[in-house]
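In what follows, a single structure is set out as structure tokens and then discussed.
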Amino acid sequence: MTDAPTDETKQAVAAARERVAALHGELVRYGLVIWTGGNVSQRVPGTDLFVIKPSGVASDDLTPENQVVCTLDGVPADGWGNAHGPSSDTAAHAFVYRNMPEVGGVVHTHSTYATAWAARAEEIPCVITAMADEFGGPIPVGPFAIIGDDSIGRGIVDTLAGHRSRAVLMQNHGVFTIGKDAKDAVKAAVMCEDVARTVHIAKQGGELVPIAADDVDRLFDRYQNVYGQNPEGAMR
Amino acid sequence: MTDAPTDETKQAVAAARERVAALHGELVRYGLVIWTGGNVSQRVPGTDLFVIKPSGVASDDLTPENQVVCTLDGVPADGWGNAHGPSSDTAAHAFVYRNMPEVGGVVHTHSTYATAWAARAEEIPCVITAMADEFGGPIPVGPFAIIGDDSIGRGIVDTLAGHRSRAVLMQNHGVFTIGKDAKDAVKAAVMCEDVARTVHIAKQGGELVPIAADDVDRLFDRYQNVYGQNPEGAMR
Amino acid sequence: MTDAPTDETKQAVAAARERVAALHGELVRYGLVIWTGGNVSQRVPGTDLFVIKPSGVASDDLTPENQVVCTLDGVPADGWGNAHGPSSDTAAHAFVYRNMPEVGGVVHTHSTYATAWAARAEEIPCVITAMADEFGGPIPVGPFAIIGDDSIGRGIVDTLAGHRSRAVLMQNHGVFTIGKDAKDAVKAAVMCEDVARTVHIAKQGGELVPIAADDVDRLFDRYQNVYGQNPEGAMR
Amino acid sequence: MTDAPTDETKQAVAAARERVAALHGELVRYGLVIWTGGNVSQRVPGTDLFVIKPSGVASDDLTPENQVVCTLDGVPADGWGNAHGPSSDTAAHAFVYRNMPEVGGVVHTHSTYATAWAARAEEIPCVITAMADEFGGPIPVGPFAIIGDDSIGRGIVDTLAGHRSRAVLMQNHGVFTIGKDAKDAVKAAVMCEDVARTVHIAKQGGELVPIAADDVDRLFDRYQNVYGQNPEGAMR
């Protein structure tokens, strides 16, 4: 049914596998994941494929080769030497790729502070300028959804479509972030935990000072556009 | 009285010693223990022996060779070249092995957040899906018990027998976890501290959103059974 | 217009580049920055130049060579082989150097606890002796100011001029510190986060015990003068 | 005035220098000190000397050779090749050695959680068994005292003399710990911060469950005596 992949596709898949394996290391470095937790994926440009972390493999054992190549239906693709099953969150990643064509990377973690806001179903208010820059306002809460069908993926897409934020706190669960590629989504996951922690601590100490809505707009606009030569800030 | 051990037993003991020494490193990596604290043990399959960390040896100095081989009475076994005394918590580990035949590994730590819940004798409520997956509900509190007889071991067994949780918060003391082997018990210790921290922080920020009991059941059931091909989730 | 630089200037620039790159590593070591965040700069003694971190380069990729040499107007200086754009906060650093001739180094971070105080626009009270030694009293809050003109730089100078503190919490933003050189400013950034954390935690637990104003004066005076043979404590 | 040191004294001094330099690394490993902060000292057995960390030397640059040999008056001793000034807290260490002959090691830090309790002048209540084992009850608060005379040393001795605890929280300042040797005092510093953190977090979450006084006594007694073959638990 499928033609043999071109050399260009083979190279793109190999590059995505390398990228996804390396970027998982950033989740470890920043303390966003423990044990075999968390997952990173990246769409393979010019194909109907994406690459995702294997299920149940410890961080130390992740290599480019054991990353799993999947179709946009969220199942392992034939002919790519997949030796492991894909992450148990693969269906949610696939739903995002099918429904948000501008998204090139997805990350999921249970990072501590973001998950703490999620356990209260409370959005993170935008009270620091770095958050205005990066997320353009509060980080929103998505619905409670259980693994096993499309409800997690649908919750992510429904919450983030048309929203400035690249991060969503899934109620009682954890964080999903999107980006123009996997690196951009990992950056969003790192920044999301950072602001979740800072704003939590700020709020424990007393009343937060809000940032005026038009200042948030100016900061977000500048970061996404004036710095437009910086390819990292430009998903939308 | 005892016959000379078979080669198979020798290999099983050597493998358990290697395993226990290596897994202690995971307690260090995840910040669950300090100084000479914490202990890991593993039952030697097919024997009446288990292997446990030596007492008072610093983490950097733990080797497969200095792990202590004990009988199920919690005393060092003859003929195994034990050069150190076993962990001061050996009696509690032994009590668990004698009374819970399905248990193959035991871990004890004073990890910060779990011990903080224990100092209030407060169970950790199940408000995040990872906790439903892993522990199937709240993490329970065991009795106040003092070292020196079977009361700690009895408190662990009384609390965990028939409970979904593989972790118990011993009041004013710390955490004990059980598993099908030492790795499974270490995973439970790592996850227990992680949820203890996340739920503590969530609760500091305001009201927690509960997860409905039947959703907890569905999550636990799926994680233990649907993922049953994964040997890590299947003690019971 | 500009004469060719003397060998002495060349050496001073090279030394400053090495210093700034190395000192950024201290921000990473103490957990004050994530991803490409934070910036260190140092005035080049005997010139109208300063050296600052490049924009958008990951911490692992910072080298002496890629640090950017700028004029006191905050633009890259010709003839120094600048291969990257300077930090997006360069205008604020330049404003400080133009208006505070005694300052030889500037640091900016979004370190967690300091930024949390900034999100409440609340100064850090001086309740520990290390803070009296280092900052001579509370760490003050500067105005809310948005990137893009001189308002951040002006806010820093207006707050710190005539103040004992070498650190200012810019409202809803983060911390700027100054020093006699970059190392001194980095030390101030490290100490600022440390006291921000300690005093936050102290305050969460109940009422703080103040230090009498004349004791703060004695501590500051001694640390700055009696220890005057130590060049690190002597900016003013 | 002084006779030339015997070979035995030379060896004892060299051993103490090595010990003090290495043990400072434990303060770094456990996150108890930043920058050039914190100090460890050890009495040289059989002499009127002790060895202490040099002043203002970064942790990375500490070597056995640059540790400072002092007399019990707290001044550098002649003939020992001292190349640096001793820690600025040397007078307090010396006062302890002069007045508590059973003490062989002293440690001082501004570790975060212990200092937070000190900023409220609040003793740490004994609500976890590890604290009963190690400190035999609450960790007490010493007076507010300013560097420059004997008042810090006197405050330490007045608070700890006749007390089970080897740690004292000096009000608005930080922690001093004592031990039979430097390693024992470092252990006390590590454990003190650990219990300061755990009990702080426990208390933030609600009401603490006390441990009955006679249970504290039993735990302390057992740890100090039954485990008496372990030389670490036996200062008194």
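Read from first to last, the chains carry the letters A, B, C and D; within each, the first residue is number 1.
The rule we apply is simple: contacts are C-beta pairs under 8 Å (C-beta built on N, C-alpha and C of every residue); 3 or more make two chains touch, one makes a residue touch a chain.
Note that the structure is predicted; figures quoted are calculated from it, not measured.
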Touching both chain B and chain C (chains): A, D
Rigid-body rotation angle, chain C and chain A, from Cα fit (steps of 5°): 90
Interface sides of chain B and chain D: same vs different residues, half threshold: different
Furthest chain, CA centroid comparison against chain A: D
Separation of mean Cα positions, chain D and chain C [Å, integer]: 33
Whole-Å separation of chain centres (CA-atom averages), chain A against chain D: 46
Chain B: positions in contact with at least two other chains: 204
Interchain contacts (touch definition) - all pairs: A-B, A-C, B-D, C-D
Sites on chain B touched by chain A in the complex: 30, 127-130, 187, 190-191, 194, 197-199, 201-202, 204-209, 211, 215, 218-219, 222, 227, 230, 232
Complex interface listing, chain C residues touching chain A: 34-35, 37, 55-56, 88, 110, 112-113, 115-122, 144, 146-148, 171-174, 200, 203-204
